[in-house]
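Two complexes, one shared chain (subunit A), two partners (subunit B, subunit C).
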Partner chain A sequence: MSTTIEDGTRQDAPPPKPSRRQRQAAAIADAASGGMKVFFVKLIALAIVDALAVYAIFVLIAHAQWVPMVVVVAVTAVVNWIYFSRKKLPAKYLTPGVIFLAVFQVFVLLYTGYIAFTNYGTGHNGSKEQAVSSLMASSLERVEDSPTYPVTVVEQGGQLGLLVTDPDGDASIGTNDRPLEPVSGVEFEGDKAVAADGWTTLQFADVLARTDEVTALAVPFSDDPNDGAIRTPDGSSGYLYVSTLEYDEAAGTMTDLETGTVYADTGVGAFTAEDGEQLLPGWQITVGFDNFVRAVTDARLAGPLVYVTLWTFAFALISVASTFFLGLFLAIVFNDLRMRGRKIYRVLMILPYAIPSFLSALVWAGMMNQSFGFINQVLLGGASVPWLTDPLLAKVSILIVNLWLGFPYMFLVCMGALQSIPDELQEAATVDGAKPWAVFRLIKLPLLLVTVAPLLIASFAFNFNNFNTIYMLTDGGPRDSNAPIPVGFTDILITMVYKVAFTGQTRDYGLASAYSIIIFIVVAIISIIAFRRTKSLEELN
Partner chain B sequence: MRVNRKGLLAAGAVAVVTTLGLAGCAGGDSGSEGDSSAASTLTVWVDAERVDALKGAAEAYSEKSGVKVDIVGKDVADIKDDFIQQVPTGKGPDITMGAHDWLGELSTNGVVAPIELGDSAADYLPVAIEASTYEGTVYMLPYAVENIAVLRNADLVPEPAANFDDMIAKGQAAGLTQPFVVEQGAEGNPYHLYPFQTAFGAPVFGTNDEGYDPTDLQLGNAGGDQFATWLGSQGKNGTGVFNTDIDGDIAKESFLTGKSAFWLTGPWNVGAAVDAGINVAIDTVPSPTAEPAQPFAGVKGFFISSESKNKVAANDFLVNYLGTEDVQLELFEAGNILPALTAAAETASSDPIIEGFAAVGAEAVPMPAIPAMGAVWQYWGIAEAAIINGADPVATWQKLASDVQAAISE
Partner chain C sequence: MAAQHPVPGSQSGLLAGEVDEFADDSTRASVAVGDAPRRIPTKRPFNFGRWFRQTGWRHIVGVVMVVFSLFPIVFVVSSSLNPHGTLTGSNALFSQIGLDSYVRILSDPQIPFARWFANTLIIAGVTALGTVFLGALAAYSFSRMRFTGRRFGLITIVIVQMFPQLLAVVAIFLLMSTIGDLFPAIGLNTHIGLIMVYLGGALGVNTYLMYGFFNTVPASIDEAAKIDGAGHARIFFTIILRLVAPILAVVALLSFISSVNEFVVASVLLIDTENQTLAVGLTKLVSNPRYADWSAFSAGAVMSAAPVVALFLFLQKYIVGGLTAGAVK
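Moving on to the complex of A and B:
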């Protein structure tokens, strides 16, 4: 449609002389589409990309990773199509960003969401087949006081067998199906039988090449299955094992041969006995909203959750407010031309921002040590102030350190924002007879907030999840010894989740993911409300 | 300028698909070792500092058996979690280096395969075998045993202390205000206090024939109460020997600068003391009672992945090769901690410091690897720190025992 109209105008009247902007655009478009040199650069770049993609595709096919392969094929095709096309200028700019967004943001979010609906964690780490094979392997018990049997792996008609020398020096042979039987025509090497008539002896390399078969080889010791079977872990020594578990594949149950307890798959991701006892390892299953329900209803978590949440809000709000006002105050002071040596001061102000926060928090933790810290020993002359070990003081200390870490950022931001406010406004107000405080409160601050408000919201979101400062300074301590979980008085939500899910010997990735989704929702809701509010600020302009 | 823009675009595209391509390769690479060249390559994860120590052993084994051994250095903080997460996907290594107290977690996750040491089990230090066993099955090939002992500044105090009170008295006689330091911290440090606890006859768990018994919590027995009372008397409101403000760095500084003559710590700190020019002697932990003070022993070793495609080669490499005296000594040279193989341990003990740690280690008990231990660690140090800082010892200790019991039975 539009082209016909354009064509029409062109025919009717000579085109107007292009503006400077239009000429620039035309030149860029020209460069984007033409020029042999450019074309060759593009060709080589895309050739490299395609070559890598083809390599990736072959590797993925070799490992039967079909979904990633299809994704790589599709992405490569789209990339080629976009960059060989003469149009699609916006797509040429957007594609890299979109791909990175998909890989580093969307995928991570989706995966976290998926984990939140599973029981992934300690004891539920892999698939059911892996759990079964792992249980069977660990249920093997070496028969007490049984000797080490020198063994040789032999083969007959493709079937593997073990040539076993017993402690008396007699040799016998058996396979998975045939119990050990004495054998004739044996060749010995020292005390060990190494070859027998009718059987081919496998060299070590052959044994390695057939590792799976050798690992699965269990030669019954006699006709009675209770006598156990000889297995060889390394291809040269055999041991007599009995199994304490039996897997019934048809019924999907595990039976403990000693106690007779039957463990069945009851849909909880582990073989479970009637009395609720579970055999671990279990396997991963999806559990629906269980993790979310547990996150808010678990009696052990619910109590601490309330005060940890309150402290999280207090910490984030106070941190944002204190850093902002200190930063703003300093920015105003250093914006005043009457101030001498402003450059040096400004550099000093930025220092806390320049040192990695991990490091500063650790240094502060050292300085706040009750008996040996710099603050108590040097500044307070040997006072014994429990900066980090008293519940209330620890919170104050955290806020102080976070203020120290956070104000330079606010200082920089306010400095920039202040300088963008035209001086005429101040002059006009002064001429009208406004006092400096009124000028600041009624003119400068509102204008400043328009620019800074989104950054304050971002800063709130950051402090809400400010793991580093808490972890490095107090690690959530002092511990609340009344709480049933290892939570402390300065723990914020994210550190509490970390402790619940990742410390100790039991990990619970499902629960942790559920928590992080809940925290994400909380932060998102607050941010949305706050951004709506800031719109009213913009109407001031 | 225009050409540059185009170039930028092209570069962006290259970066993107390179990333994808590499992601594809990374996903495939580790797997391909299992498939294409199966039976001929073993992938071994070791902590980055010991890569060189194992390189020689790996090459020698490759020559002997034709199996290529690929040593991959890993950050020690990541090995365990990476192993647990990667084994189920089939992309993990065949063998990983690790510590025995990972055993419960690795076994509960089903990522380790049993190892049969056969008759050679008798060649190892008993504590090493005990530590490598979980629920009656051996899962780890031990290569080193590590435990804490008392480092004594022999220039300040020439004679070893007979017991705990004697140690403090000797130090005070030498004019020191803080004769003995041990690393604590705001959350306590039960690992370093454990020898004193055992001296009062209060282990964490009782034992049965399969090792530690998680249903038999011994922490809160009568000995535990006595230990708590004693700990309180040595804390803030007592003699002040224990102080939760002393963390690892402060303890180290105190010993290195000669402010303290006795330092309860592990072999990992001996180097620093020797470098600081201190005449270090290694003593057993002075007991506050008539019973010996037994520290925890930590045993380091190698695990085989339950999903390894090369189990036979992995077993052969570990049991028949890394379990030999020469290789254990080679690993000892690199790490300077006592070898787990008895013969190698005897050879290594020609060094007086190693001999000192070995003598203390003879008394040591393996740190429990059962998952229930996680519940103990959570509360243990906090309770000890509270007692040191003046909380009612017996009440705090009994609350610890009931908290742990509740967490275990949950």
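Moving on to the complex of A and C:
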């Protein structure tokens, strides 16, 4: 494996350009060797891909998703062109991976950038129309003295609907999303419609079993949200409910009919009263740099951002340094052939590296528990050291656990690097009268650092986003009660992103994405500087 | 730190032996004879002080480090064997031995441990195979073919993989929930969806590792096969893939372990408890303050770690070789 270097350089020299005859010969050989079997395998694989694409295109058209539809058509066309073409050989090998890379790495990166400029999150996750209908639906109140409508709960494709009989005897059907419409093929039982074509009538037992869903049904009376909706408390009789809010589409305002307050669309993504009160849910809008500005200028957010960033750097740097020095020390200690049992020591010491890190971190969290943990109870004889709940000690604990998790890797790497240093250097130095320590410090260590430096950078980048250790061990805690977001004193940037986006009462996707972008920029700058220094990119020829 | 003690007698011989011994470790382990080839130049009476200064203290370091490495492992194994233990009850190591807690975690209807286990194996296994396949295809074309945009492609892979998917988790969640609205079979809360997201990282550092290894296989082999009439597909599938099997094993294992370990994307995409992986399920289990059955959790942890550790030890020499190749590079 150590032959990589010389072979790599030799391989990378471009081969002489083949002449026309050579290319023809290669093409003929290719065609002759493929055979019909390979061709059929290829044909079948492409047929499957195309069939799936056609299905996807129909679904996308049905949902009026035009941009994704065009993308699917284009990608399918390109894939067919590549695999039916006689040339395009590199593309044939690269396309499958590149498609996944493009969708799940590059696209999501760009999409993260877009979300960072929106107010996407709890209360702002749909269009304005959706916000209007959901506001109207959530403020429904029963109209007094309204007629009672006999209703039957029906189902179609897993979605519940109501079959409503008018006082006139006409039947109509609707669901939460579809306003009432007259239906055909209705079966009556007395004055009450009980079944309709294309719909399954729910039996009494089913209605009981799905009470929550049934009572949550609010079937709009017509296209105009101000007309109200039919709801049924018991699954057999429905009443007209009308919203206490009135929507004026022309003026774009919501009026609370009880208090008379007018909520207007002031461009902040929600109906806002003059005193600043907002009706939620609102809708999604682009807010420009607001999230970034908020992250760095809002005092309650800027404070956590600063200490989280500092701790992230400290955590990554100390983790790399501590694991590297322990690993190097051990590599030197065990790099002595006179020592017996080195293999056994090595296998036992790399066990922490073999165990999935989320499990190790959870086990350490148990052992470091303040009142019941092994460390306090047994090793310290019943002490009550707040290993994971004191802001400073929690950081120390994290560094210790991360040292435990990380030193075997550095040990293995340093072992390999030490053994690849030519012995002649040491001999020459010894002959010149150098002491062992000088040989190590002046010759071995610099050579070792040259080879290990890229791995140290990679390790830094890994620890910079080392989610598992932090999240499983302390969950970022102890919690900072002053911050408006669920952030704690041992959170690193990536756990903060996760918590802002996915935990707590309100999810703020926009702010989380803005934090992500800030991390992107920091990582990019560090990587560029690091690569400039180590010139690792020189190997890419 | 007295790093290197000069060896009395034939130092160069010993150090040469050292390099040989390393080659044994990583490439031809079957040849390794005993612990190390030892050459003792002259017989001298045993002197404890000299022995301690030269190798004895190394054993002390070794023992200390082994204790440090093993004690959480011993703790979790001990508490998993405790028939009914809370966290406190697990502190007396190996006081009681029984397999009750294994039975408990496997049969508790509240905890679908077997499902989590199967989900994890399926997701990590398919991801590992997919990553190896997609990565090997790409590495082959980068290594063997010269085309416009090759250098750009290599640099792009290096740069894109610097930004972990972790950071784009919000966008991944929103993308998958949109896909789920249109195609429920591959969207949110599906294993296929999660595997697809993981495969987004297939062309990453692993491809780069494989690319380096592919370069060590002489191109003359390809040329000879081509002259004999083999097409590119046959060369790739029947010749090259066999020659690079060690690096494929390393990449598959690294990919397997990282998918087993992956928490963030899995926890966001897999919503139903039944669908979750071990990382998500077990983490949520112990973070629940009402859950007090520490020995059942330990039993689960031991069972979850066992296959990974076994694979790791089985492929150890390849992994060490792979890491070392990275280091040497």
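A few remarks follow.
We take it that the second predicted complex is superposed on the first by the 385 of 541 C-alpha atoms of A that agree within 3 Å, B and C clash if a C-alpha of one lies under 4 Å from a C-alpha of the other, contacts with A are read in each partner's own complex, and residues count from 1 in each chain.
As a convention for this text, a contact is a pair of C-beta atoms (placed from the backbone, for glycine too) under 8 Å apart; a residue touches a chain by one contact, two chains touch by 3 or more.
Here the structure is a predicted model, which is why all the values come from computation and not from measurement.
By the document's definition of touching, of the two partners only subunit C reaches A:409; subunit B does not.
In the superposed model, A:38 lies in contact with both subunit B and subunit C.
When both complexes are overlaid on chain A, the residue A:100 reaches subunit B and subunit C alike. Within the superposed three-chain arrangement, the count of touched residues of subunit A is higher for C, of the candidates subunit B and subunit C. After overlaying the two complexes on the shared chain, residue contacts for A:367 are found with subunit C alone; subunit B is out of touch. Contacts of A:383 after superposition on the shared chain: neither subunit B nor subunit C is touched. When the two complexes are overlaid on their common chain A, residue A:359 makes contact with subunit C while staying clear of subunit B. Using the contact criterion defined above for the overlaid structures, shared-chain residue A:251 touches neither subunit B nor subunit C, since it reaches no partner. Residue contacts after overlaying the shared chain place A:525 against neither subunit B nor subunit C. By the touch criterion stated above, A:345 is placed in contact with subunit C alone, subunit B being left untouched.
Residues 30-32, 38, 56, 59-60, 63, 65, 92-93, 96, 100, 103, 366, 369, 372, 475 of subunit A are contacted both by subunit B in one complex and by subunit C in the other. The touching residues of subunit B, when paired with subunit A in their complex, are 2-3, 5-7, 9-25, 27-29, 31-32, 35-36, 38-40, 65-67, 84-85, 87-88, 104-105, 107-111, 113-116, 118-119, 135-137, 186-187, 243-247, 249-250, 306-307, 309-313, 315-316, 319-320, 371, 373-375, 377-379, 382-383, 386, 389, 399, 403, 406-407. Taken in their complex, subunit A has these residues touching subunit B: 27-28, 30-32, 35, 37-38, 41-42, 45-46, 48-50, 52-53, 55-57, 59-60, 62-63, 65, 68, 72, 75-76, 79, 83, 92-93, 95-96, 99-100, 103, 122-123, 125-127, 130-131, 133-135, 137-138, 140-142, 148, 204-205, 207-212, 214-215, 232-237, 239, 280-281, 366, 369-372, 388-389, 474-475, 477-479, 481, 484-486, 503-506.
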